[in-house]
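In what follows, chain A forms one complex with chain B and a second complex with chain C.
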Partner chain A sequence: MSSCGAPAAEGGEALMQKRQKYDKSKNCVRCKDNIGNIVVRHAVYCKNCFSPMIAAKFRRGVEPYVNEAPKGRRRLKASGNILVGLSGGVGSTVILDLVNQSYFAPRTDTPGGKEHPRFNERIWQKGFVCYVDISAVFPNMRDRTNEVRNAAKTYDALEFILVRLENAFDDSWWTSVGGKPSNSELFVDFADQDLLITAISDSNTDPVAALRTFISALPTQTAISQAIPTLVRVLLLYTARHLGVSHVLLGTSLTSLSISLISSISQGGGFTVREESDEQWMAPGSTTPIRIIKPLQDVGMKECSAWAWWHGLPVVQKEKLPGTGQDIAALTKDFIVGLEKDYPSTVSTIAKTCAKLAPKHGSVRRCLLCERPIQEGIDDWLTRTSIRSLSIGNTTPRFSTARLTPSLCYSCHTTLTSKSSRGATKSTSSFVRLPVWLSAGLQSAEYSMFQIPDERDQPAEKTSAKDTEVWQTRKIGQQEMKHAIGDFLIEDSGQ
Partner chain B sequence: MAPRNCVLCEKNKAMLKRPKTGQQICKDCFFYVFETEVHNTITDAKLFSPGDRVAIGASGGKDSTVLAYVMKTLNERYAYGLDLFLLSIDEGITGYRDDSLETVKRNQQQYSMPLKILSYDELYGWTMDSIVKQVGRKNNCTFCGVFRRQALDRGAAMLGVDHIVTGHNADDIAETVLMNIMRGDIARLGRCTSIVTQGEDTIKRSKPFKYTYEKEIVMYAYFKKLDYFSTECIYSPDAYRGHARTFLKNLEAARPSAIIDIIHSGEAFEIREEVKATQKVQQTCRRCGYMASNDLCKACTLLEGLERGMDTTGITERARKKMEAEGPAPSNLRTIPFYKRTAGSPAVMIESSPA
Partner chain C sequence: MASENTLKVKIEFGGGLELLFDNKRIYDLELPATFEDDQPSNVDFLIRYMRDKLLKERVELFMEKDTIRPGILVLINDTDWELEGEKDYALKDGDEIVFISTLHGG
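Let's look at the complex of A and B:
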């Protein structure tokens, strides 16, 4: 029903009132003396008060999660090492600086004397900075590894680790981080809604080629923009496991968090909305989880940029992926960043609202692609709400053939199968190699139900009106209806 | 390129690309999947029982016109055993409802369904024209929305029905999910994807088009040659829903499944238990007996504000408190009749469809 909307139908505000940029005076709200240098959500801060405020927010975002048993000991001591994910962007550059400044750089300004335990014992024994290079995704992308490495050089207490996106398809990398080598190479058919799996013995093992085939087989630009961060995240996690890391820190700012929350919800990731802000990952076969912390999730992009600018941090310019701009992630980013300019509170409202949500049902399985919890019953829900075959209920489901669909979460399944309204629909099979952890997961005992068919070596053929409202009543004729749905009519399908 | 065969029946020539799935299908298969998905929605949620009296909220727009047609079709095809009624609300906007009410009256004849038209004027003593004259155009949606919701319940009570079905489609629901997240309305976010809503003393209300794309509704109307009136309200650019709507349309253009994906997200999460505990408990309006969050329901608060010339009373909490501080309502204040459900037996005469 295209209702009049009535945003306030049940009592809410119809309009978002614009507010002044700052509330009271131009003086810093903290020291009250200095003229402010930055407005943070209507509050004015001077440069001197700004940095301690951000540093305190950062520590508040980290320290409650350091000890395994938070109430057991007062002293902070992590069970493993720390790894900072560095993309070269503002958020991760700032968090690297904050981690170094707060926990690794020698401190002389704190009372307690040189023999004080805080100088002798680190919270994390070792620190790592991990950069995942994605330049191999497309042929002409620039490799920024050296720039990022140079940026990380300043922090010599943290060891630089380089991972490349193509490692996701590299058996030798998988083995080097402790993964179990798979018995056979598993491939999936993206053209099929069920994502049929097959094993091919004689295949091209070049990881870069496999990565590019995987990316080019994805059905939409949105899927590409979603798949790359997913691969990056899982590569980071397996690297972290290999390095004995207990805490992974990411530089997701409040703005980035709001973007990823809305983007994830728009891609069907509602079940894992909590994982966007706070996540614990248990590696297969492990007993201790790795905590993924985003300590800047209360700090906006503007504050991060101000920190980077005032501290002279080298922010490496990010390279845009070719073709991005009209995908869900980019559209969400444009939308949220636009909102943040006019309505700075909306961004924090999104994050606060989502923090009040929890998944409706528990989960015992995890998605083999993104390693996040799976909601059960997705297959059935999709079949009932979006009929894709006339044979529902009349034939036996295709369980006799190995399918990837049941092993994926809704969001990853959508990423691999949901098509664009534009462009030709792929009708032929395109078997694509699976990321190494996914192949390993499918061949593990948990998923041994998936039988690889005997014939697997032979892939089958396959108005704007400012401050006013205007009621318009018009009879909609056949021509107008046709215009509204014209993009979806194959030819002149007038009856 | 020559058109391909329908991917579903593999016999007929494909005539459309289905907005929801991207599949190229023929007209007959489109009708089949469209109707079957609505049927699945109805049966999975166990919306009806045989003998239920069900009112279709009919505005004369595309959603309710198609809903009336589909409800009648499914009721006959699957023998739901429902008594179907049409219920229309006349907001009293000159020139707005006249044409669309004609569509509803024609539906009444075509589908042989009794029709009840209830006007704001009849119920509240105010038309939207008179409200806009007093409050201006800025907040009139609040009045219209609150009054319509209650008017539907009251109209349904008059018809003695057990259930109201409305034409809210998948786009509306996805848009509401996004909007509630953006404005932090956690209570509504928790319930906006529910297919059925029912308060303690209100009539069950459901959305059989919950998973139906707006584009497919237009497509269905087009192929079935159902005519309707567009009753769109053009919002000012700053309105929340306007933002959410534009954003959603962009997402849909990027990937059509975005609409159903957002609904799936909305169904997958719920409000955390500790947050639920802080939510307001539902009460009954002491003046009209309708469900309320405060002593007075929203409609009574708005109406009292109108009557006392304090127009923002129902819009902001501050204005409501200010009105309360100014003392009790005068005794001669016009109020809404007391709400009482009379399921099973109509409390009013309804217009039967001509034989």
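Let's look at the complex of A and C:
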């Protein structure tokens, strides 16, 4: 291994000297005896010590979110079931293996074997693996459901659940997961800044067609690659609620978390930056939240891939979206992956820095599209449209002239409209069906579209002062991140 | 058995990288034991050989600036190549080199 001096000859312009890839010796930092097999952020591990190290990190990422069993026994008991979101990618494949190994498979290495109390009383009564197939989004995408199903078959203690992206526009799916049937479908015109809602009763749109119209009406490639994970996430959440799940586990690695943090902030998601790494979702009408955990958020893609390789896991691979590669998420990915190779510790610094960027105030409302909290107070556009909505005539059906905008978070509103990038060519309005949960949310009595923040809110003058503070906090956060990633930020060119 | 002037190495692909190599996961290669100025053939030589002789498409998904692209894990006889000197590792007869793409997350 060359010392610090050598790479300068190749790199030429490199300002920061590359560190040697590992500290001190080639021996494992754990057992000290074996020659190492892998370098993890400068630390060397042998194969024997690598797997327990990752498994321990995984459990540390899960178990603090589970309640202890009653009667003071030192055991954990979850209030519901567990669901693993399987994408076919490496991270979620590894998570599934770890969930099975840690909580469901009979352990052979403990004295007592199957008689061990651990197996008489599982932390989660039932385990599910849920795959959301997105292949219908574009006509030429391959459906990998069978491969993913086969990959999941090895883990027979966990039940396989298939959801398809078009279920987001499917009333029969919605009622099958316990949603209230609705007597009309809601449509919106993305070309209109206020997102006017039109209710059409007795229409019966084909879910795949509705999905494709929704996607093709989005203004940019970046919006498409942001909208799809949002739909996937909410489909998983409603599936989880229906299955009595208390914990949803996602395979987001440190690398992919850093990518989504940076790309989310750059697309107006600063307020919910915390939700990227740790999130609780309260289903409408429910009293117990579902915890969404990313137990590999401190484990890089390199370690995930090594685990999958050394454990012989079937990694199906995710289907790539056509046309991606130049959007914000793809460019951020290239940047982070390159950074991780040469400066592996920097990537975990990104995640840690973002963890500190928590907004000071809670939110009283949730966004009806992504189901995440809406930042209160700063939304100039929200106030404006709310006031204008008071002049709506009353003779028309309830939603025919309502606006969707006040029910969306800033990030989702940007995704749907991103007016800066809407070319002048886009003058034709296209009516797009809204996802089923969004329709249900708008029509439910529980959620009032023009709801004024409740008693937790401050008197008017005070509110504005506090709001400024919230805004400031967020601004500084962005500045910090901007500083951290320097010249890599790009303008969304609207391709 | 490889002769004195050649050495046999096995290369294997994971994480979808085989798609760039004719969708074949394993190649058994017979390489010259030395190249250019009688240097022993090393991993640097191997990846250039792979680029020139085996790669079917999109070199940028495999290489960047004369080395392996970031996001590809390389194992030499089951050990991270970062512990083996990366490109400078001198190949030995019977070596197994694995290239795994780590780029597909989630």
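One rule holds for everything that comes next: the second predicted complex is superposed on the first by the 381 of 495 C-alpha atoms of A that agree within 3 Å, B and C clash if a C-alpha of one lies under 4 Å from a C-alpha of the other, contacts with A are read in each partner's own complex, and residues count from 1 in each chain.
Definition applied: a residue touches a chain if its C-beta (ideal position, glycine included) is under 8 Å from a C-beta of that chain, and two chains touch if they have at least 3 such contacts.
In this text, all values refer to a predicted model and were calculated from it rather than measured experimentally.
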| query | Which of the two partners, first being chain B and second being chain C, lies in contact with A:253: first, second, both, or neither? | reply | second
| message | Taking the superposition on A as described, I'd like to know which of chain B and chain C A:357 touches: first, second, both or neither. | response | first
| message | Under the stated touch criterion, name the partner, chain B or chain C, that contacts more residues in chain A. | response | B
| field | Touched partner set for A:142, first chain B, second chain C, both or neither | value | neither
| field | Touching partner for A:349 - first (chain B), second (chain C), both, neither | value | first
| said: In the overlaid three-chain picture, which partner chain does A:265 touch, first (chain B) or second (chain C), both, or neither? | reply: first
| query | Which chain A residues are contacted by chain C in one complex and by chain B in the other? | reply | 1-2, 10
| said: Going by the contact rule set out above, which residues of chain A touch chain C in the complex? | reply: 1-2, 10, 21-22, 26, 35-39, 44, 47, 87, 89-92, 250-253, 255-256, 259, 301-302, 304-306, 308-309, 315, 317-318, 333, 337-338, 340-342
| message | Touching residues of chain B toward chain A in the complex: what are they? | response | 3, 8-9, 14-24, 27, 29, 32-33, 36-37, 40-41, 44, 57, 59, 61-64, 93, 95-100, 137-142, 144-146, 148-149, 166-169, 171-172, 177-186, 188-189, 209, 211, 214-215, 218-219, 221-223, 225, 227-243, 245, 247, 250-251, 253-258, 260-262, 264-273, 275, 293, 298, 314-316
| field | Touch list for chain A against partner chain B, complex | value | 1-16, 18, 220-223, 261-262, 264-271, 273, 326-328, 331-332, 335, 339, 346, 349-350, 352-354, 356-360, 375, 381, 384-390, 410-411, 414, 418-421, 425, 463-478, 481-482, 484-485, 487-491, 493, 495
| Of chain C, residues touching chain A in the complex | 14-16, 66, 70-71, 73, 75, 78-80, 82-83, 85-86, 88, 98, 100-106
